[in-house]
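Multiple structures follow.
What follows is a pair of complexes built around chain A, which joins chain B in one and chain C in the other.
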Partner chain A sequence: MSALLQVRGLGVWLRNGDAASHVIDDVSFDIAAGEMLGLVGESGAGKTVLARTLLGLCRPGSVEGVIGSIRFEGHELTTLSEREWRALRGVSIAMVFQDPMTALNPVLTVGEQIEHALTRRRGLSRAEARRRAVELLERVGMPDPTRRARQYPVQLSGGLRQRVVIALALSCEPKLLIADEPTTALDVTVQAQVLDLLDHLRRERGMAVMLISHNLAVVASHADRVAVMYGGRVAEIGPSEALFVTPRMRYTAALLRALPRLHDDRHVRLESIAGRPPDLHNLPAGCRFAARCPHTDARCAIQPPLSGDLETLHRFACWHPAPVGEPTLVVSR
Partner chain B sequence: MNEPALLEAKGVQVDFKVRGRRLHAVAGATLSVAHGESVGLVGESGCGKSTFGRALVRLVELTAGEVRFNGTDVTGLKMSGLRALRRCMPIIFQDPISSLNPRRNIGETIAEPLRYAGNRDVNAQVRTATALLERVGLDPAFASRKPHQLSGGQCQRVSIARALAAQPQLLICDEVVSALDVSVQAQIINLLQDLRLERGLALLFISHDLAVVRRIADRVAVMYLGVLCEVADVDSFFAAPAHPYSQALLSAAPDMNSIGKHSRITLKGETPSPFDPPSGCRFRTRCPRAEELCATEAPLLRDIVPGRSVACHFPIRVAP
Partner chain C sequence: MNERSAKLRILRCDAWLLLALFWMTLLLSAALLAQWLPLPDPANDTDYTQLSIPPSLTHWLGTDDVGRDLLSRIIWGARISLTVGLSATLIGLFVGGVLGLSSGYFRGYYEEAVLWLIDVILSLPPLVAAMTISAVLGPSLTNVTLAIAFIKIPAFARVTRAATLGYANREFVLAAHSLGASHRDVLLRELLPNVFLAVGTYGLTSVAIAIATEGGLAFLGLSVPPPAASWGALIAQGRPVLAEAPHVALVPALVMFVTVLALNVIGDASRKRLDTRGAAL
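Coming up: the complex of A and B.
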């Protein structure tokens, strides 16, 4: 089965004064139809730049440089013009951002915003669009959708606003939804509702979802596969369970040991990772985790590790991977 | 426990007036912190947990209630007394960068509580700042830097060092690790743990992150819409919460052990507006166990088993 989205050797440079920073470096992965891929990483790992590149918001011209290939349903996206992107963005590839307030127009009612998308993008009549907008709000679990459609974003709480943003993203029946920290601004009880909604929608409609989050636990409970980014590269990618139970790349393993959990032995000290993530404007030559890694040798400092064959289900970029028999996480079932 | 608590807050109420309407941000909260004890205060945004923390040192004024620190009535203190109190019980805030003076170097910032305490010996100030920087894991050379030259995690260490300068007995930590990345968060959690053991520090650790609170707290207090729902020892709380809200909160918290699984109890709806809280029990509109009594009578926080009090008419049965 060919993938819905196929990213190969993607590299992005951002302007930084007179220099260019290599913020995405040789990123390759696939997303299949109906799949939920989690993308995790700490701040500055390049998650958002990657999302923006997949949405055509970082293109040659707007950034210093883009290399590699992004194929969506077999079509190459990196060579599209802005006009061609507009026909695709929000229609076949939709997005949900972290802050639902700034993603909505404050002077239009939420119903009007969804109606606009439906009349402009899908050519529906006004009356049809109005009916459909209420339907969409209902589908994302908006209580009392008819009344809510007539309200402005300020009249809604954060959780309800995020539902509107999701309804808006779904209005054109996208094949891929890129959700960048969709629940970070929300409370845990509301976060659970929104994540369950995304999961339900992708199962119901076969929509692929790329769920970007700094929160490993959010991703673990919902994604089929997970990619871990560090310093602009994919450090490790694989099925959720394999990656979280037997991480191979030393950064993933260290990150999982640094994470407080609800069922661990709370009297055992957390293993923190010394130092901090690399500065994207001044990246090291070899492995980007080398400066913080206790398992390094001379090679790690000069030669970036290879991430393995793309056909492999569980790939990782590490010269000295953690042995498989060393489970980091004991999963209680 | 016959020893009086270090901090005792009784019936703390804080009202805000917003456009002529009165809002009970904290509607009568009673909580104590013993010497050297760590109490975690959890709840969702807007539940009043930060306001409660601020009211303890009167960064916001109490509308009613009483706060005693070491037996002293905090509500009656004048400004000079309050300054001294805030050195004994400093607050560390969430955003580490904006809580430091951008124009002052790190060394001066850390020594500030000493200057306010009347210590004019510049050499002693420098020595203290150097020792504290080392203690929180920073290079003493940082003393001459400005906050913008530091990362978020480093600034949070500076905030902790500053709070320690006046030898406090209690730290109020308001979401101190929430803005930090996981790898840095673990460093700060470990630092706070070490400091507690070393100095016998008490903590009031305010956070929305249950997994972090579980690591740091001896007791947990859960707040919802300005009232405390449950106060319990940390191990028994996480083993089996007794208040339906605590249970839902714990169930909704994403956890690594739930790979591919979903939360079991998903609450419906969202927190009601604090301008117009439900009658009776404030949680009843979202509570799966609510009955008629809950709408008419607000449940009071009462002990159900030793080491656990719950404000609920129909608490979940737990083993003592």
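Coming up: the complex of A and C.
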């Protein structure tokens, strides 16, 4: 499998006053062309920083240091200049943002925003860009696209705005789309529509998608593979079926047990994970989940490596993995 | 449709705004059409039989101490006062806006340098600074405009920078970057239109302040040289005869007062209409 995106040993430190926090630590994964990789983790696990690092979008001055390698179609990205980054953004890798309420410029019509990307980046004429913008809006399922293109973001609902954001991200035909919590700000019914749209678009265009979410159900039903992040590290990564049915890393297992089920009795106390996520300014030396994990011993003071090698499909970082054979979640696809 | 009726309702409720708009329209059209209006020459048409007379049928606003028609003097003076007020604001807006927008966006040492420059200008008392510039360059329409524009730069730079800082962290700017937008694109297309809403309304208020400042300079004889006279010069001219003929000083003062007030009312109203901070965007 030749990967579209190869991340190896990525580490990111962000400046935090005088100190630096180690926000991403030794993260490695691949995304193949046309594949959808789900990335889950709680707030502060490093999902957004990871996504922005892949686009070189961390605010200059806030990044203290980056190590490791990001290769896109074989080209190293970590050494790019700002100018080279600009040439790559949108065309090779594009991003869909969390909150469609703020991801659009309030003083330009949605049509103008898409047309601008088309004339600027793809060199289309004004008339062509106008036609193409309507086409893009139509493709992302915007009803009455000609009229909508002339409207301002405030005139559209959240779901429609997220469609515009997706159309904008698709305008330069990226090979990889990073969707950073694209449905968090939307109603549940609209969430499903947007996810189905992303799924449909990647199948139609063979575009790879990295779907970031803290919603396990969202990821389970759409992603081919899933990576679970905890405290800036990849705790477990594998095909979504395997990962959700037989999670091995204790954090993933605990996370899945914490999900409410429809067939549970009413008034059942939901399981929760005791404690809180590690403080990124003061990280523990060993396994970052150890403080909250009931299965610890002396070995956990040393960081467990991801099991297997890069060829292994289902990998996890745990000295005491959960046994296989306790189905945790029934995934309906 | 709805928008329009809402707009009308706001206009109907706000009688002050309507009055202010009416006054500014009247003043602007009079100033623009001054040479075609049947007015006596403001500088040379002296009527020695009617010195400092109060408002009458032949001289609607009376005459000054050398018998010139005050209405004509005020309308011709409006040309100077309004020109200085508008152009000084536009220049200040442009220079301050460029400094504020770029420093709020690029940050770093550049921002520090701009802030330092602004602090230096702010440390000079504004009227004294304008007087000095005007006196050194020599009193003329251009110089007095530049002097007032100069003391306006810090305020515009600060307001623009504050607005830019707010918008530069918004997600749509990040989204533009994620599509590979250049700095120029982000500054001109994403930030400028948003920032302008905030700064433009401040600009209206600023025109009022500029007119008053020009009045101050003219009162001190540091504005446009005679026989042309702005409102400030007219007030200064009325000062010696204040006891016998108070209208010579009071009428131009009143006109200036009403104009400054009208601009402030319009500025406040537009700020209320355009304030998007509270709106769900």
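Methods note: the second predicted complex is superposed on the first by the 311 of 333 C-alpha atoms of A that agree within 3 Å, B and C clash if a C-alpha of one lies under 4 Å from a C-alpha of the other, contacts with A are read in each partner's own complex, and residues count from 1 in each chain.
In this text, a contact is a pair of C-beta atoms (placed from the backbone, for glycine too) under 8 Å apart; a residue touches a chain by one contact, two chains touch by 3 or more.
Just so it is clear, the model here is predicted, and its values are computed rather than measured.
Considered on the superposed chain A, chain B and chain C are sterically compatible, since they fit side by side.
One geometric descriptor of the composite model is the angle centred on chain A: between the Cα centres of chain B and chain C it reads 80 degrees, in steps of 10. Contacts of A:270 after superposition on the shared chain: chain B is touched, whereas chain C is not.
In the superposition on chain A, A:192 makes contact with chain B only, not with chain C.
Once chain A of one complex is fitted onto chain A of the other, the partner contacts of A:160 are limited to chain B, with no touch recorded for chain C.
The partner that reaches more residues of chain A, of the two candidates chain B and chain C, is B. In the superposition on chain A, contact of A:20 is made with neither chain B nor chain C. By the document's definition of touching, of the two partners only chain C reaches A:169; chain B does not. In the superposed model, A:214 makes contact with chain B only, not with chain C.
Taken over all C-alpha pairs, chain B and chain C come no nearer than 8 Å in the superposed arrangement. Touched by chain B in one complex and by chain C in the other is not one residue of chain A.
Those residues of chain A that touch chain B in the complex are listed here as 42-43, 143, 157, 159-160, 187-193, 195-196, 199, 214-218, 220-222, 240-241, 244-245, 254-256, 258-263, 266, 269-274, 276-277, 292, 329, 331-332. Residues 107-108, 170-172, 174-182, 185, 189-190, 193-194, 197, 276, 279-281 of chain C are the ones that touch chain A when the two sit in their complex. Residues 44-45, 151, 153, 181-187, 189-190, 193, 208-212, 214-215, 234, 238, 248-263, 266-267, 269-271 of chain B touch chain A in their complex.
Chain A meets chain C in the complex at residues 55, 57, 61, 85-91, 94-95, 97-99, 101-108, 116-117, 120-121, 153-154, 165, 168-169, 171-172.
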